[in-house]
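First chain A sits with chain B, and in the next complex the same chain sits with chain C.
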Partner chain A sequence: MNLTLKIWRQKNASDKGKMVTYPVTDISEHMSFLEMLDVLNEQLIEKGEEPVAFDHDCREGICGMCSLYINGEAHGPDRKVTTCQLHMRMFNDGETITIEPFRAKAFPVVKDLTIDRSSFDRIQHAGGYISVNTSGNTQDANALPIPKKNADLAMDAATCIGCGACVASCKNSSAMLFVSAKVSQYALLPQGQVEATDRVLNMVNQMDLEGFGNCTNTGACEVECPKGISLENIARMNREYLKATIKG
Partner chain B sequence: MSVLDSKVPKGDLKTKWTNYKDHVNLVNPANKRKIDVIVVGTGLAGGSASATLAEQGYNVKAFCYQDSPRRAHSIAAQGGINAAKNYQGDGDSTYRLFYDTVKGGDYRSREANVYRLAEVSANIIDQCVAQGVPFARDYGGLLDNRSFGGVLVSRTFYAKGQTGQQLLLGAYSAMNRQIARGKIEMFNRHEMLDVVKVDGKARGIIARNLITGEIERHSAHAVVIASGGYGNVYFLSTNAMGSNATAAWKVHKKGAFFANPCYTQIHPTCIPRSGDYQSKLTLMSESLRNDGRIWVPKSLDDVKAIREGRKKPTDLSEEERDYYLERRYPAFGNLVPRDVASRAAKERCDAGYGVNATGEAVYLDFKSAIIRYGKEQAKIKGEDNANDARIYDLGKDVVEAKYGNLFQMYEKIVDENPYKTPMMIYPAVHYTMGGIWVDYNLMTTIPGCYAIGEANFSDHGANRLGASALMQGLADGYFVLPYTIGDYLSNDIRTGKIPTDTPEFAAAEKEVTDRINAFINNNGNHSVDYYHKKLGNIMWEKCGMSRNEKGLKEAISEIKTLREDFYKNVNVPGEANELNKELEKAGRVADFLELGELFAKDALTRTESCGGHFREESVELDGEQKGEALRDDKNFTFVSAWEYKGEPSDAILHKEELEFNDIELKQRSYK
Partner chain C sequence: MAKTTFRKSSVGKKVLMALTGFFLMFFLLQHLTINMLSVISPDMFNDVSHFMGTNPIVQIALQPVLMFAVIFHFIMGIVLDLQNRKARPVGYANNNAGANTSWMSRNMIISGLVILAFLVLHFIDFWIPEMNVKYIQGDMSGLLEPGVADSGYRYFEELQHKFVSPIRVGAYVIAFVLLALHLQHGFASAFQSVGARTNNNKTALQKFGNIFAFAVPLGFIAIALFHHFTYSH
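This part shows the complex of A and B:
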């Protein structure tokens, strides 16, 4: 198939940036979206132009590195996939495809389609852990049974890959789905109870400091999340937050 | 006497590690604050080591090329992590885990290291649960286990099909706690480009800030390499696109011996390549072979008809199918170890029986399993008169519950429904058992330079068992290195901060800068990928699943020629002082072009077949095992450790003889 690509090009963080149009030809429908961009980049290099910079690594939907906003949707038109798992069979011959970086105040563009998501890391530094040292002398793993239902729900929350699609999809650039996934994972497990109060207060505080917006319950984040993280996590975090504020 | 000293403690195998810990030199807490440690790589090994060293009080500087430590490729491990907990009461023990690992590695690993690994395995599970890792549990709330290839017990802990992700996020959370305390200084989007030696000791690294292109000097009292394996030397592998051998190769060039480079694991159940544009391969968990049956058509006419789309695999009757693993290995059938299953698939495809357009695919069929489970379910539900469609639906539900996420992944990539038509699979490069040589302390042959996780060679011999990579990474990082590194650092309590304004740092920095400038100013006419693909092709064809003298000699000379051409004609666009992915790739491929040649040389030297290394010249000539791999214990029970001397062809071989006092060497038989 032959396609027209409209791609965001931006030399560096201080450059203004603009959309540039590139035609690509002979694209196989079996290619992944990123393989299609590889083809474009090889052509650009051959012509002596600079290739398009985009983040990617595992290319199997788990590392969370890839982060393209394709035709107005985070990770493109398919559901429950990351950009690297999106295949060209989702597009039609002759189509024009618009490719932009994930956009948010807290995700500044580094170059072209590459963004800086270190704000996510800083939220995790604020409380995304259980304070246990490595000793080899923690209690036996089976000493504390955990109801399967809670363990499964914690696992569902823990599958967040930290890609930022939730932020990119939200009209307020809110990071509530991301933060609530971590808060929920620990809130559902007995190990997480000891520090629960401080954790939710500190993580939410850091989220606000980073410049993420508020949640207005539109649910766009859940729709675009490649891992299907549920809105229930946001509700759970709100309950945890309320509890924590009352406790003080 | 070899120059290699493994420093394995004396005494009984079962008490070595305990005795070692009782007598090792320690650093007091006040002095730990004066000591800096650099950790390169933040996967399971590097992440867990960084967190633990920081908890102990050392000042850690951690480096990763990704935008966050959470993205290291450990995250992609699916199946699980082994531990000798014996929660299932099925006879597991530390000794059994040790025995299975040594046997699975075809008796080419170091006994004492493997025993220690098995010993600390149980602590890993305790530690991870305490961190909030959500392992799978049964209805009683206790931890669940599954079984993996090559063993007789259920000792694999798992978190759905995302065990690596959950364990890595556990290590990442432990790191975050230390980053927040200021005990870990994290350098994201940084790549180590050389190690700096002062008075023969590793005292720092030169790193490139991948955003600004700035070349930075970082000093420390010890340097830990945790940068993973070198599977991407094949271009196509299940590794992440950025996975590379540069950190490992740079320390090799500065004096660390490189061990057993030819030991590579080629995993049998991966999604086949679909065309030349392919950028990487996707693995599907080995657990699929518990229920899937592997086959190709018996007749070449059917193969042709399928390739041309005139027939579908489901059109072929049972008599027209060749279940070649069940035919060749009646005792183990579809559950033979990874190396055996991979070679058998290659044998059929080389004979022309491959079922897709590229001729490199075999079927993995779940129909029998669906019907078997369906009948079982019908019986459980008391539906004695269930028709075929009902049985199929009941069975499909069971298969979906077990493998649903893998089936979904397959369908997204291949666009075929694996419940309706057999999956297509083909082997792909997955893991490298070889790596930097280390002693019992995990120290390389450079004093103060350590290697942990997949980057070292020590625990898996010539073949790794499933669910053991995660175990080794976390064992090294949480429980082994934090002890052994203290023994070395106890001599550094009076050293003081290592200055970076010294001739050693200046020389290393200049070397790095010159190299980068050479790439940028080259003005060649081929992209980096052009060379990487060519190298990958040579490696796959001549150093792949089966190897012979002629092919290996050709590989050595072809790689050498390719390397020379690369330096003359590679084209790296853009500038040095900006985010430049082509420049990053160029440096990595340059190192692969040297490593690949050493790999072939190592494979040529080892004229036996063992584990993942299959030499066509070394096979059983007759009897029941005819055509199977033949190990040569008399001449090859040693680790090949290569010393860098300039060109890979000049590398010098040092041998570490392997002694097996607690295990009897046996032929692996799966017939």
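This part shows the complex of A and C:
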């Protein structure tokens, strides 16, 4: 396949940046989107040009680093995949593909297509944990009976990889899906109860401080999330938040 | 850690948006019911209008609550929209929003502002004249001709007069079409905001919301058209 790529180039955080057009040749339809970008970068280096900076790590859909806005959608046109799992067979020979970084005030661009998602880390630090002593005589997790339904829902919520596609797709740059997944995975389990009140208040507070927008329930996040995190988690977080506010 | 209050947090604002939305939807139903009487029986419409217009509980307790809900809802809606725009200072060159969201959900502010424009017109049309007659001129009788006891109530007459103008009826229709779009998203959205939507009830909520969003505005439109085409003098 031969393609035309329109890619966001930005030297550093303070550079204004712009879309630049590159042709790329000899792409196999079996390649992943990131492999296609590797080929582009090789071709750029051969020509003596600066390669395009983009994030990636595991290349198997679990780390959440490979965050690209492709043809107007987070992680591209396919559903429930990250950019590293997106195959070039989703595109046609001769197609023009736009590639942009995830956009949000809380996700500033570092260089080209790489962004700073440390706002997510700070939200996690605000309450996305349980306090357990690691003294050596920790209680066996299986000793606590947990309804199968709740275990499954908690597991589903815990599959969130923190990629930020929910924020990128949301017209409000809201982080509700991410935060609600992190709140839900604990809210559904007995281990999460002790700190439940502080957790939801602190995490929502940190989310607001980071400059994410307000959710208007458009549902873009759920459609674009590579892990299929459900909007139900947002409703659950809203309940948890109401409960916590009443408890104080 | 510095905690934002409920009212200032993003979740809290959404909940308040939803609660005022619920209240307004309930109010719409009540309003539609009374308007329907104007088609069924002018006398009944007159009696109920007079009751609503002069009952102290309605006037002193419920009316201010309604005003507060409307004002709160649209100011908060505008504030949220402005905040949300700021959350993405650099936009996308290519954004395929239609791939994952409905037009209605993305444009609540547009449908909302059209409804607001209509509400202003509605105030000038009905509310200000009512307040003038009742509280400035001090005529609480509700009679067609002040002081003439057998002249009958004025409400039905006034209603019919309003719907003579095709321009007013046109504006009315447009506003209610936009209200339908607002509620097509807003109904189920409000349940989500207060945490009441689940994967089990979401399909039912959306279906019921669609019916509500279609039927209520259609009712208002039908009544306006009925008076427009049946009135003759």
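Heads up, the rule we're going with is that the second predicted complex is superposed on the first by the 248 of 248 C-alpha atoms of A that agree within 3 Å, B and C clash if a C-alpha of one lies under 4 Å from a C-alpha of the other, contacts with A are read in each partner's own complex, and residues count from 1 in each chain.
The criterion applied here is as follows: contacts are C-beta pairs under 8 Å (C-beta built on N, C-alpha and C of every residue); 3 or more make two chains touch, one makes a residue touch a chain.
As the structure is a prediction and not an experimental result, all values here were calculated from the model.
K.L.:
In the overlay, answer first, second, both or neither for which of chain B and chain C A:164 touches.
P.N.:
neither
K.L.:
Which holds for A:76: it touches chain B only (first), chain C only (second), both, or neither?
P.N.:
neither
K.L.:
Return first, second, both or neither, reflecting whether A:38 touches chain B, chain C, both chains, or no partner chain.
P.N.:
first
K.L.:
Looking at the overlay, does A:234 come into contact with chain B only (first), chain C only (second), both, or neither?
P.N.:
Second partner only.
K.L.:
Applying the document's definition of touch, where does A:132 land relative to chain B and chain C: first, second, both, or neither?
P.N.:
first
K.L.:
Would you check which partner chain A:124 touches, where first means chain B only, second means chain C only, and both and neither mean what they say?
P.N.:
A:124 contacts chain B only, not chain C.
K.L.:
Jot down the residues of chain A that show up as touching in both complexes, chain B in one and chain C in the other.
P.N.:
Common interface on chain A, chain B vs chain C: 126.
K.L.:
Show me the residue ranges of chain B that touch chain A in the complex, using the header's touch definition.
P.N.:
48, 51-52, 55, 66-68, 70-73, 75-76, 85, 87, 120, 123, 125-132, 134-143, 159-160, 162, 165-166, 169, 172-174, 176-177, 179-180, 186, 188, 211, 238, 240-242, 274-275, 277-280, 282-283, 409, 412-413, 415, 478-479, 482, 527, 529, 571, 573-574, 578-579, 581-582
K.L.:
Within their complex, state which residues of chain A touch chain B.
P.N.:
Against chain B, the touching part of chain A is residues 11-12, 28, 30-32, 34-35, 38-39, 42, 44-46, 48-51, 53, 55-65, 78, 81, 85, 87, 89, 110-111, 114, 116-118, 120-121, 124-126, 128-136, 138-142, 144-148, 151-152, 154-155, 158-159, 161-162, 185-186, 189, 191-192.
K.L.:
Spell out the part of chain C that touches chain A in their complex, as residue ranges.
P.N.:
So the residues of chain C touching chain A come out as 1-4, 6, 9-15, 80, 83-84, 86-97, 99-102, 105-106, 108, 185, 188-189, 192-199, 202.
K.L.:
Show me the residue ranges of chain A that touch chain C in the complex, using the header's touch definition.
P.N.:
6, 8, 17, 19, 69, 71-73, 77, 98, 100, 103-106, 109, 126, 169, 171-174, 176, 201-202, 204-205, 207-208, 211-220, 223-224, 230-232, 234-239, 241-242, 245
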